[in-house]
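Below, chain A partners chain B and then partners chain C, in two separate complexes.
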Partner chain A sequence: MVAEHPGVYLRLAAASVRATARRPAHLTARTLAAALIVAIEVAGVMLMLDQFGSIGGWQPAEVVVLFGLGFAGQGLALVFGDTLEASKVSELVRRGTFDQVLTRPASPLGWVVASYVDTRFVGRHLAGLATVVWAADRAGVAWTPRRAGLAALAVASAATIIFGVLMAAAGFTFVTVQGSEAVNVLIYGGQYVASYPMQIYGSALRFLFTWLVPLGLAIYVPALGVLGRPGPPGLPARLAWLTAPVALAFVAVGGLAWRAGIRHYVGTGS
Partner chain B sequence: MRAYLALLGAGFQRQNTYRLALVAGLTTNAFFGVVRTAIFFALYRERDQVAGLDVADALTYVWVLEGLFAVVWAPWFWELAEAIRSGEFIAELLRPGDPYLRLAAFDLGRTLSVVATRTVPTLAVAALVLPLRLPGTLGGLALLAASLVLAAVVSFQLRFLFASAAFWTPDYRSMFLFAFPVLWLASGFVVPVDFFPDPLRALVDWSPLIPLVMAPVRVATGRSAALTVAGQLAWVVVLWLAGRLVLAVASRRLVVHGG
Partner chain C sequence: MSLIEVAGLRKVFRTRRGPVEAVAGIDFRVEAGEFVGYAGPNGAGKSTTVKMMSGILLPSGGRVEVCGMVPYRERKRLARRMGVVFGQRTQLWWDLPLEESFELVGHLYRIPRADRAARLRRLEEVLALGPLLGVPVRSLSLGQRMRAELAAAVLPAPEVLFLDEPTIGLDVEAKAAVRDFLRELNRSEGTTVILTTHDLDDITRLCSRLLIIDHGRRIYDGTVEALRTAYGTIRVLVVDLADDEPAEVAGAVLTRAEGRRRWFQFARDEVSAAELIARLLAGHEVADLTLEEPDIEDIVRRIYRGETPP
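The block that comes next holds the complex of A and B.
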């Protein structure tokens, strides 16, 4: 492997941020639009939940805390990982750009991620955090250092897992070149599932998103602690300590899938 | 007329060739449909009716929406705008016949393929396993079919208007950045518009976004079906006039960068 100089990747990332910042109005508009999507989705869900009063014994504001944590995690993952989405990796492969990346004395993952940092998703991340603060206030959460730590744990773990999904998906795209939009089920669908209290789902969905693609574990279980809820049988709030190791294990598997994809990479010729 | 029908057929055939994308799309729709179904079952556990909708209405909304998703957010959403920016669009203006009708025929062929391969199977399978509310009479089914086709037509007409922003600015995507979240909410993709507060709902009900999803849902559940289809038709006429007007103005000022 190559001698690693983290400084190289930082400079690459800084360069890609500077490149987008050359059009400040454009960057601001894109960031605001990313935040607006979160606000609109939360507003719609809030309108619906208010009509019903509660879901699975949860108040609307409590559910919206889950939405906020999910959006914050997803936004953070997409700042670095959006470039790993099927359509973008597919383009890197088809244009032959990735052939050049492989010949460089740098880690391919580090190069790809650092070269295409997308700051607009900071808008989604911050809007998610703002949603958490707003909804927690409405739900009557008294913030303590422990609760803030649990919220941060949820955001970081969710971001880690989504980044793992993106890496695995990119590895898959190296082999198939075309990629598949079905990956969106895991990235956006997983966040959608984890935005409602997990006890409302049947056992199959709950198992899938608690243990296989553990976004439910990453968002819902720490949120139980934030909201001061004990949690349903089989998924108690005290499982929160498991969140970080499971997220790390998941991202490690994603990394293996990325490497397996590169090993099978044959390029598309020219 | 025959030429336009041939274009419609060609569009249908073209969309039919994307088999793998079809499987991925159906999987995505089925997944979100199952999750939304679970959410509505949980919401209606202690309530029978909310804002005039019962659980059967809500589930019908879910599966009509999943079925129509790729009709509204067509995979070729930006194709026309890109053709305008690159200058390829000029060929459309040079061909014989009416450019708006030609584009409409080809696009309708593609969306009808989506209706046949995604909307209808999605709804049919969901209706077999879930208590949906679908018309039981031939007349009712005919109205539903008409409503789905009109949704496809309106989706083209709105896409055309969005794409025509490219006549004025090469940065057409920026214009859409802020429009997208509003469309997403107002056309009923987040939650049924029936759950909106009254003033907002009245505003949305008179917008051209209703024909896309909410109108077919209302026709399917048999709430003033004939009147709803008539409303969709009225929007087709209005958007038709708007589209032609935009095309007439735009083609007069179209600048193609040669090379």
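The block that comes next holds the complex of A and C.
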């Protein structure tokens, strides 16, 4: 499944970026729009939290650090994974484009991901990072290499998990052909849940988004370390090391689902 | 061993209304260097067969081997040795100048740089692509794009080329350009071509062999000439009489009359055209006459309808 010749996929990705760059005004507008969503969301959260003062003992600025990490991860995942969204995959199938992908001497996943890199989500990624820096400053975080590393870990793990969800959903789409919105609940719902201190949730929701779709683990736990908090009972900051292996395990499961989807597609040619 | 071997090949699709047998046990072999026309009415199972031969689709039963490989099992390895052109879709990079598509194909199929340059130069010349290299693919006309698709498909020098309606929607000149190119490719490089088409002109002009399938079964496999001989014994003599009198000729049947024009149908193996014309001229004054050969389109339509050779 993985590239036997990564250079080819880099070239494909470069070609897809060049194709988008041929319409610079369009690209700029879309990139700004992708970034603006972060700003609007953060402004809304700040306004709301200011009414409460704090939530679960967290200051508004600390909560916004979680939001920023989530958006930075989501943006990164969508740069490569937006094309795996159910509606886009079913479009590839319906137009016969995917059949053509299968006639290429390349991995279908590598081909699809590299051919439809969506640069506008770089805007969301950067807006997420900017939010982290801004909010951490307001929350009085003194950056150290360790804290920066934890923030990077959170972003990378969140991106990996979201990409895994997208892969699994794409695999599922090969079976159903119809695009399903269910995946959005997992991605956007999961990210939203992970954007608030996890201790405010009931145990079922907490379990779901800590261990099954581990966005909570990926964003919240490293963020504890960034903010110098010990974490609630059962989810201490020192679990941060678990984030990377769990994210990798999750993306591997997503990859298996994708493969199963392809196998189904080749079997039925739906 | 043949380049393509298909034996008892089947594909059953499960649909809401129960299983549908799209390909119901097809057998054929194609030798290296053949140019095979693959025809059949819509829904006959043509594209399903092609998909199984190119590794896109898994057979439900039977055997298929292309270039000594089982397509679905060695999809990527086979992909390096086969070219595919689907007339309705593009294999090119839509938003980028044409030359970038060739560049990408070169890398994708790991064509050594020097070979690629030489081969591309020749393709550019034969297909008159030179002036189009800097043009984004989306701005090409259909005819230009089809020439570009062919160039991209054969750039890696595939052993076998699957074409699906490569001339659909093209004007006369563009069709001729595509056909000339394919004929030359098959002749000079020995590329095996499987041409799926509804355009029987493509087939009569290009293919040494014709495969017709219907309802997922092979209903004809042979040369176009043999098809004509088997089905084409009926000819029609069209006569413009000098006057309006009733006319009849021994050995032919009057099938139609319009003003002074008469259509006489006769069988080639019963009476020769020369003999018939002599008989006619003996009894009637004739202003003009033409002889109609059965056209392949008619013959194939009769085969689709299930008629057997007379």
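Keep in mind that, in the parts below, the second predicted complex is superposed on the first by the 262 of 270 C-alpha atoms of A that agree within 3 Å, B and C clash if a C-alpha of one lies under 4 Å from a C-alpha of the other, contacts with A are read in each partner's own complex, and residues count from 1 in each chain.
Keep this in mind: a residue touches a chain if its C-beta (ideal position, glycine included) is under 8 Å from a C-beta of that chain, and two chains touch if they have at least 3 such contacts.
Worth saying up front: this structure is predicted, and the values here are computed from it rather than measured.
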Partner chain in contact with A:238 - chain B first, chain C second, else both or neither: neither
First, second, both or neither for A:96, with chain B first and chain C second: second
Touched partner set for A:104, first chain B, second chain C, both or neither: second
Chain touching more of chain A, residue-wise (chain B, chain C): B
Touching partner for A:18 - first (chain B), second (chain C), both, neither: second
Partner chain(s) touched by A:37 [first = chain B, second = chain C, both, neither]: first
Chain A partner contacts - residues on chain B that touch it in the complex: 20-21, 24-25, 27-28, 31-32, 34-35, 38-39, 41-44, 46-47, 50-51, 171, 174, 177-178, 180-182, 184-185, 190-192, 195-197
Parts of chain A lying in touch with chain C, wherever the complex brings them together: 5, 7-8, 11-12, 15, 18-20, 22, 95-97, 99-100, 102-107, 266-269
Residue ranges of chain A in contact with chain B within the complex: 26, 29-30, 32-33, 36-37, 39-41, 43-45, 47-49, 51-56, 178, 180-182, 184-185, 189, 192-193, 196, 200-202, 205
Of chain C, residues touching chain A in the complex: 13-14, 48, 51, 54-58, 72, 75-77, 79-80, 82, 84, 86, 88-89, 91, 93-96, 100, 104, 107-110, 136
